[in-house]
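There are two complexes below, and they share chain A, which is joined by chain B in the first and by chain C in the second.
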Partner chain A sequence: MQMKKKGVLFPVVFTIIGIFFLAGCGSEHRFVKKTAFKDANSIVIEFAGPVDEEWAKNSGNYSAFEKPDPDIQLKVKNIVLSPDNRQVTLVFEDDLNSKEPHMLTLNNISSEGKSLGTAILSVKKIYLGYLFSILIGAMIINNFVFSKYLGLCVFFGTSQKKSTAVGMGITFTLVMVVSAMMSWFLYQFILVPFRLDFLQIVVFIGLVSLSVQAVDTILRKVNPALFKAFGVYLVLVIANCIIIAVPLILADSNYNALESLMLALGAGLGFLIALFLMSSVRERLELATVPPTYRGLPIAFVVAGLFALSFLGFSGMTIF
Partner chain B sequence: MDPILFKLALGGMAVLGCIGLFFGIGLALAAHKFAVEVNPKVEEVLEVLAGAQ
Partner chain C sequence: MVSNGILNENPIFRLALSMCPAVGISTTVMNGIMLGIAVLFVQVFSSCTIAAIKDYIHPRIRIPTYTLTIATWVTVIDLVLAAYMPAAYKEMGIFVKLIVAFAIITMRLEMFACKNSVPSSFWDGIGMGLGFMFGMMALGFVRELLGMGTILGYDVLGFRPLLFFVLPAAGFFCVGIMMAMFNYMELVYNRKKRG
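Up next is the complex of A and B:
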């Protein structure tokens, strides 16, 4: 049993890491090596070779705007060229909002007298870090159970024993990722083009039950041992509201595929963490002397409230 | 009523119908492919029992 789980987990982890590395590569213009934010109001552009000083010092060659507001051009205050002519630092008049990607246009880049064409670049924070922050955000900072109070019925129902809690958490994460990716795909490529996005809830509910049914059918044949371990929890997943909340959030915030994957994974793992913490406490509560009126569910609610309070300590945190 | 709304409604029915049909057939095929043989005696015994739960 333990071996089986490991055998499934490792390829999944490696695939995710691989996707991360793929997402980190790629530049938009062959002569531009790197673009990045620096300080509060600067953007650094690194070129593959030396650029002409005359071209680089002309502020008319640069235009920049925040991606959501293409009509607000940002004013360049100062241009600093590094001694080897390979690096240009643009200093803007106002502070930049580095949370949003910025579009930067370099007109007719000229290097050693040759024109290398116009480059349209997007400047953004390291994508890997952004994805990671979505994952951690959904997992801990905005934990769906402790700070959004979603999925409480299943949370209290299956957190009596550690083994059931972990089983439920893993099953939930699996179904969550499958159904969230499917609903993201259907929403972006079918519902939005056909202007049917007002039907999103109906479609998402259908997809959740579909993925539960599919996992149930396939797992029953492929891995009966795991199926037995999951047992009833698989069906219980349908009754969990986190699983419908995540596709709705995805539809609302226009995430792309990788960001959606991270949010779904974060929501699932966050639920797993919540269940594990809660079940550890409830196992100990069995041995504690609890006043008769509080025994069972009431004391569990009190404990959940304390957990929510302590998770409040993470609120407002930003990573990267 | 606005003909555009009719178009939207009919289009929506068609699209959702197609999605439903597609996934329905998919599930049916999966159920067929991953079918697990259950001992017929299990059902017979369950039939005989009271079955309140």
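Up next is the complex of A and C:
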């Protein structure tokens, strides 16, 4: 019985992931094969077929900006076309900040006299590395508890025992991923097209409560043993401000599906790490002689402060 | 009723609720005041709303109703602040939107507003909001004075004693030490009362 259920579940999950993946890649143009940074100040564009020299050499056809600053247009200094007309190298006046994704617009691409429409491309570093850096960034470098100071109520409430901490962390990660993906989908495909994005707070908080309720119901039916172990933490998840902060951050920074998944996963795992570290210390604190006025929460805050200081060491770190 | 929220049940130091902003953005007195006003606004208006419509809410859906009421008022203050005080809004960042997840507001609705009349809920809301504002201001005062040597942007000391206090990590220490102080005050008070 159990096997059969699994057999049904997995294709469904993969299909959903596949749909997200396609949706995430929808903005790329079919005629452009590859874009990449080269040296400090150039971008290489590879086309699927030869482009017309006259079009390619006209710098008015290109416009580029850094994704966070759409107002600042980057100036193209030089354009180099490869001998087979399939590759264009844009040399910019200033060095590019390759940490940020760049948006590149190619107006009216023309190939062998035919116009192929306008392409809007985003130029990024190697995608998997970029995804990984989002994950590690949310997990450790910008740990939500120790570097962004969110989710503290639940953090101090459930970090007394290691077993509680791990249970809470796992439940939280699960609900975080589910609700973040749902709210990303709703925001990108419903709120933005209909210009309802001012409703984001109301919608996200409703969605979070909904997904908590959904996970509760599904877990109760599918795996009662797991529900017995983790069910108590589900109610607490909703009181955690990280779970509402992540959808808001996703909405602000316009991530695509995979990037959103990575950020949500990183936020959840980062919370798990923070809870585990904290509970290990607090189990020892039980045995220590603490001044009576500091007993309980105050000393926990001082410990958290020390953790935050040590996590400060990660700040400014970049991977890839 | 108002003083209850400020001292005995101070949301930050006694109830230990809504800690995130207390640690995250209490770096200056001004930040504390701004977020305090936002929370006061949301608390008072949602308390009044719930107190006014409490007879029409089915008990089984009361928590979702609270959440949606709070979310509505948070959206209002979020848009108002973004329009009229862009500089302060930028400083507070995501925390204005996160007022929606503050346990303190939901707790007051559940414990007080759904059982009492509109005027008394109004005063309770004012008390809780002021208590929060007071806590944020106290933290901001200590951190701004020790970290930058200024108060409300005016140079008081003329030098910077401990830059460490501007770092958000110091927020944890400040809250911890202040909580211990409140505990100590209670201890001394109880000892006196016993004779």
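What we mean here is this: the second predicted complex is superposed on the first by the 203 of 320 C-alpha atoms of A that agree within 3 Å, B and C clash if a C-alpha of one lies under 4 Å from a C-alpha of the other, contacts with A are read in each partner's own complex, and residues count from 1 in each chain.
Everything that follows uses one rule, which is that a contact is a pair of C-beta atoms (placed from the backbone, for glycine too) under 8 Å apart; a residue touches a chain by one contact, two chains touch by 3 or more.
Computed from a prediction, not measured in an experiment: that's the story for all the values here.
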item: Chain B versus chain C as contact partner of A:Tyr294, first or second or both or neither; value: second
item: Per-residue contact with chain A, leading partner among chain C and chain B; value: C
item: First (chain B), second (chain C), both or neither touched by A:Gly169; value: neither
item: Which of chain B and chain C A:Gly206 touches, first, second, both or neither; value: both
item: First (chain B), second (chain C), both or neither touched by A:Leu152; value: second
item: Partner chain(s) touched by A:Arg220 [first = chain B, second = chain C, both, neither]; value: first
item: Which of chain B and chain C A:Pro247 touches, first, second, both or neither; value: neither
item: Which superposed partner A:Ile190 touches (first chain B, second chain C, both, neither); value: first
item: Contacts of A:Ala308 with chain B and chain C, given as first, second, both or neither; value: second
item: Intersection of the chain A residues that touch chain B with those that touch chain C; value: 199, 202, 206
item: Footprint of chain B on chain A - complex, ascending; value: 186, 190, 194-196, 199, 202-203, 206, 210, 213-214, 217-218, 220-222, 224
item: Chain C contact footprint on chain A (complex, rising order); value: 146-153, 156, 198-199, 201-202, 205-206, 209, 239-241, 243-245, 248-249, 291-294, 297-302, 304-305, 308-309, 311-312
item: Interface residues, chain C side, partner chain A - complex; value: 16-20, 23-24, 64, 67-68, 71-72, 74-75, 78-79, 94, 97-98, 100-103, 167-173, 175-177, 179-181, 183-184, 187
item: Contacting residues of chain B [partner chain A, same complex]; value: 8, 11-12, 15-16, 19-20, 23, 26-27, 30-31, 34-36
